[in-house]
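In the two assemblies presented below, subunit A is common to both, partnered first by subunit B and then by subunit C.
What follows is the complex of A and B.
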């Protein structure tokens, strides 16, 4: 029972961490970044490079975020900026970008699974069970991430500008907010979050050129169900992630794999705006 | 009349002939191809031809109707698995083959119908249907995984009995299938119905307000394309003798988008060449340069989406267009030999009971959260009466129009059109009851010609022909009059984006009238027009009311104009109905003056 509870909590945390970057980009830019899976993969490879070079494994997360930010700013300039007026095309272009990134990774590192050291290994005793320590750390990481993102959006100048752009871009521009810069920063931030998320989940996965792909669709569904808001995303991760764990445990892991997708499709049919609005 | 119809049928038969000649040439190429192709190439091409059929269906759904689908592969997979499962588990033979094909087509069509039912409803965002098509292949693959030994799980099924015909025979089968599907699609997208798909892609909302059952058309197209995709999958499986979950997966779905995007969405040849070209090249390069090839395709895809949204085919088509337009001024292009307008025979079939009000609004309320935009509006519109709705900005005038023309908008109260409650019906059903609505901003279909726009408006009453382009549009008298008054009847071949603002307004009004409404809702029809244009429209409106007995609701800011043409005026202020009376009563009212002067109501009264 305690294991089940922890499974739900940690799965929800992972989903929250992984989907956060996608949500920031969708929220501010009204744009679905299908390169998100590839960004997660880049994060995983950043871990591989940093630990392979012998640095402390805790450094992997800021390193991945830095790589992600640079990547995001470049991608925004080259691929995303021409497509602001064509959101459905932007989905396709970022998907193509994901293919390109995966192939570049194959060129550099090959197709085989890579080794990456984990900051913490082993298990911890909690609620009278032994449980993977890293999964427990992810719960903390998710909470910190949620708080930091909320603070960023509501307590900083960047957050104010970003919210203005979310609500009414033309007016925001009229008020002297450089919306192009806000968008570039946002895409960089979203990519940084995605890469950092990739680094955070790497200790639980193997590093290969397509490691991020399975997370893409689930993150996308969660973000839409969340109604593009941080508390909504937390709620969606808990509900849908919880459902996934329950179905996988009691019905079948294969059906568990489609729980999030099916539930999201149903929820969005009933509440097209997601959980946060109306 | 006789010569018009004969001209039309001559035109459409010419279209059929041209298609038949094109198909014959393509067939000749296919029948002779085995003579000069080597075995490996033929093998690769057979698979590519089946995938080309899949690409065509993606193109129809995405390129023509604008539904971004990630899940067309699911139907391909269903067809493939129908073949493999039947041949593996039940039996093999001509009877079984036909049964398997039928099962595949039926299951695919049923799946497509269910997905369509869920994803296409009025007000659905285009993203939602994409989400559904994304979920579909993912769910299908998991079902295949869950099938265990029955479906072969992740390794799929292979070695089932199939027709080991010579490779040339298979090539011809695949080729003929592709030519057949392409020819039918060619005729279809050039027909009246094909224009409707383009209209839906360009302005879905406006289509709904013309009474076009958008969701039903989209679902129908999705079902047809799903069925065709299943046939292609069936052929693919029967030929390769191997099925794997990847055939129904999300990755093949996105790959087919890449073929279509590179080849050119919204053309038919482009996607076919895209699918065949990319598939054949990757078969050759996958041995020597597998990663580099994928990389090149990925880069090409991104670049094409950004700088060449209509794919490589657009280079050819724009070149062709430039060739045809030599020496012709831009905006002066006429499409085809034009369309003839004729008058509809007779009046509306369903006679109206004169004692029933054309429209009755009772206690209509509309709230957004705590904001009340309309509060208990009760108005009755009478036949042969022009009712103007006036009031300052934000009074709720446009919202009132919205609540009448879309059953899902209002929060409370009833609206009855000719005695029928509108309930929670979607706009296209309400158009069917006899409500026509024009919009505040001219929302037209840019790439359709004036004639196409008018035919579109007649879809609800006259329907549309699936494989033929008809040469006439039947319009009711008032619509013809407007076209004549604005000179639009001389511009039927012109794309509507090149029209002047005044002509766009005229066309919009003519389109609404073409739906033969009982009740006409006009939201600032004269905004931005010159004085003569305004007078002309005012003249038409009074005639509509006096001679054709329409009930017109008009939103207008110009009070002088209102005074000239109205029979009755309703004043809205802050969501409440302030006054309902004759022109004189309202114009002389101090209350109205106070409202427009922005004074406090209490002080004025």
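What follows is the complex of A and C.
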């Protein structure tokens, strides 16, 4: 019972961490970043490069975030901004970008699975059961992430501008907010979050050119269901992640893999605006 | 068309997964083929003719294999096909081989029971790979209950089905048998189920590459330390898993640590030819090397490259290569020396037990 509870909690945390970057970009830029999976992969390779060079594994997370931010800002300038007035084309462009990033990774690193050291390994004792220590840390990471993002959005100038742009971009521009800069910073932030998420889940996954791809679909469905709100994303992660764990445990792991997608479709059919209030 | 004397080269067709699921291992297969060809040519070729390799991408799947086999057989008019590929690709290529009447040496381990008068197999089948591990776990590590985990496809299910029946034949119990799709990476529920059922040993047969790594990492993260036999991991992947792979038991017909003079000579020659670009020789690339030599021996015995003569000669010739003596005389399959190894903390594989002359069993009783 304790194991099931922890499985649900940790799975939800992983989903939250992975989807957060996608949600931020969707909120501010009304854009689904289909290169999100590729950014996760870049985060994984950042872990490989950093630990292969001998540095401490904990450094991989800020390193991945930094790489992600730079990559995001560059991509926004070169790929997304020119297509600002053509949102559907912009979405397609991010899909193509994802393919390009994956192939560049193959060029540089090859197709094989790469080595990546974990910051900690092994188990911890909790609730009278031994459980994966890193998964428990991910719960903490998700909470910290949620708190930091909320602080960013509600306690900083950037957050204020971003919320204005999320609500109504034209009005925000009319009030003098430089929405172009907000979008650039947001994409950078979203990419940084995606890469950091990739680094955070690497201890549980393999580092290969397609590692982020399966997470793209689940993140996409999660974000559609949650709407643009951090509490909404947390709720959606618990709900859908919990459903996935329950189905995997009691029905079959193979069917469990499609639970999130199916459940998301059902929820959106019943409540098209998702779980958020607006 | 009797062109053997008029042709200038002996053409060996190699359909292999340069793209797709096998793309990670295909380079090693091409490398070992190139070494074999180079060595044979330096020693005068086959019946005085130089060997030419024709490599075609089969996309690791049925459609690509159909194209590759068609082009090799009907356009390039190769004398023989020698290759490692997925079962899907092999099943698509076999009808073309049968129609054209070309010798085909299949060099990949597989789930067994694929038969054709034109095809010979020099790699292992489940009867040869699974039994050593189960025997070791049951006899030496007192395992009575087992848990099986695999990837949901032909090979994964086929291997575990065989494993289950052998375990039960030996009086053991299988407490759980769970699968994930080939690209699945979330083993959480399966691992929790394993921990709750508390088996004595674990045997897995996932797709190569990523699933091995994700499963092993998540197992170790969850504190699973029971004896773990992996039917589908190779030394290269094990090395890249760092400490997580330590202790895993593998059963293969080739390990780089084999101490025979043939293997030392082979490894030295590969290192000399490829240097830094060398892809670790493995249980999919070494049978390829040996198959080319077996073909050479068959042609020399038959006195020509005529397909029927070669096919008749193939079961009668043997070659002692890095894996030891190979002769495909058991219903088109070959008895093999199987090596059971354990992954060390440094990522290498230590050979702990050798099983000589393991019989492939009844693979093609009608041939």
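Methods note: the second predicted complex is superposed on the first by the 277 of 278 C-alpha atoms of A that agree within 3 Å, B and C clash if a C-alpha of one lies under 4 Å from a C-alpha of the other, contacts with A are read in each partner's own complex, and residues count from 1 in each chain.
Criterion: contacts are C-beta pairs under 8 Å (C-beta built on N, C-alpha and C of every residue); 3 or more make two chains touch, one makes a residue touch a chain.
Just so we're clear, the structure is a prediction, and the values are computed from it rather than from any experiment.
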(request) For A:107, select first, second, both or neither according to whether it touches subunit B, subunit C, the two together, or no partner. (result) first
(message) Is A:245 touching anything from subunit B or subunit C once the two structures are fitted on A? First, second, both or neither.
(response) second
(message) Quick check for you: in the superposed arrangement, does A:89 touch first (subunit B), second (subunit C), both or neither?
(response) first
(request) Figure out whether A:211 sits in contact with subunit B (first) or subunit C (second), or with both, or with neither. (result) second
(message) Contacts for A:115 in the overlay, against subunit B (first) and subunit C (second): which applies, first, second, both or neither?
(response) second
(request) Based on the superposed arrangement, let me know which partner A:2 touches: subunit B (first), subunit C (second), both, or neither? (result) neither
(request) In the overlay, answer first, second, both or neither for which of subunit B and subunit C A:130 touches. (result) second
(request) Report for A:257: first if it touches subunit B alone, second if subunit C alone, otherwise both or neither. (result) both
(request) Would you mind listing the overlap between the subunit B footprint and the subunit C footprint on subunit A? (result) 254, 257
(message) Applying the document's contact rule, which stretches of subunit B touch subunit A when the two form their complex?
(response) 68, 118, 123-128, 130-132, 134-135, 138-139, 142, 145-146, 250, 254, 257-258, 261, 291-292, 294-295, 297-299, 301-302, 305-307, 309
(request) Going by the contact rule at the top, pick out the subunit C residues touching subunit A in the complex. (result) 23-24, 152, 178-181, 183-190, 192-193, 195-196, 209-214, 217-218, 220-223, 236-237, 239-244
(message) Show me the residue ranges of subunit A that touch subunit B in the complex, using the header's touch definition.
(response) 32, 79, 82-83, 86, 88-89, 91-93, 95-97, 99-100, 103-104, 106-107, 217, 220-221, 224, 252, 254-255, 257-258, 261-262, 264-265, 268-269, 272
(message) Using the touch definition from the top, list the residues of subunit A that touch subunit C in their complex.
(response) 3-4, 7, 10-11, 111-118, 121-123, 130-135, 203-206, 208, 210-211, 213-214, 244-245, 248-249, 253-254, 256-257
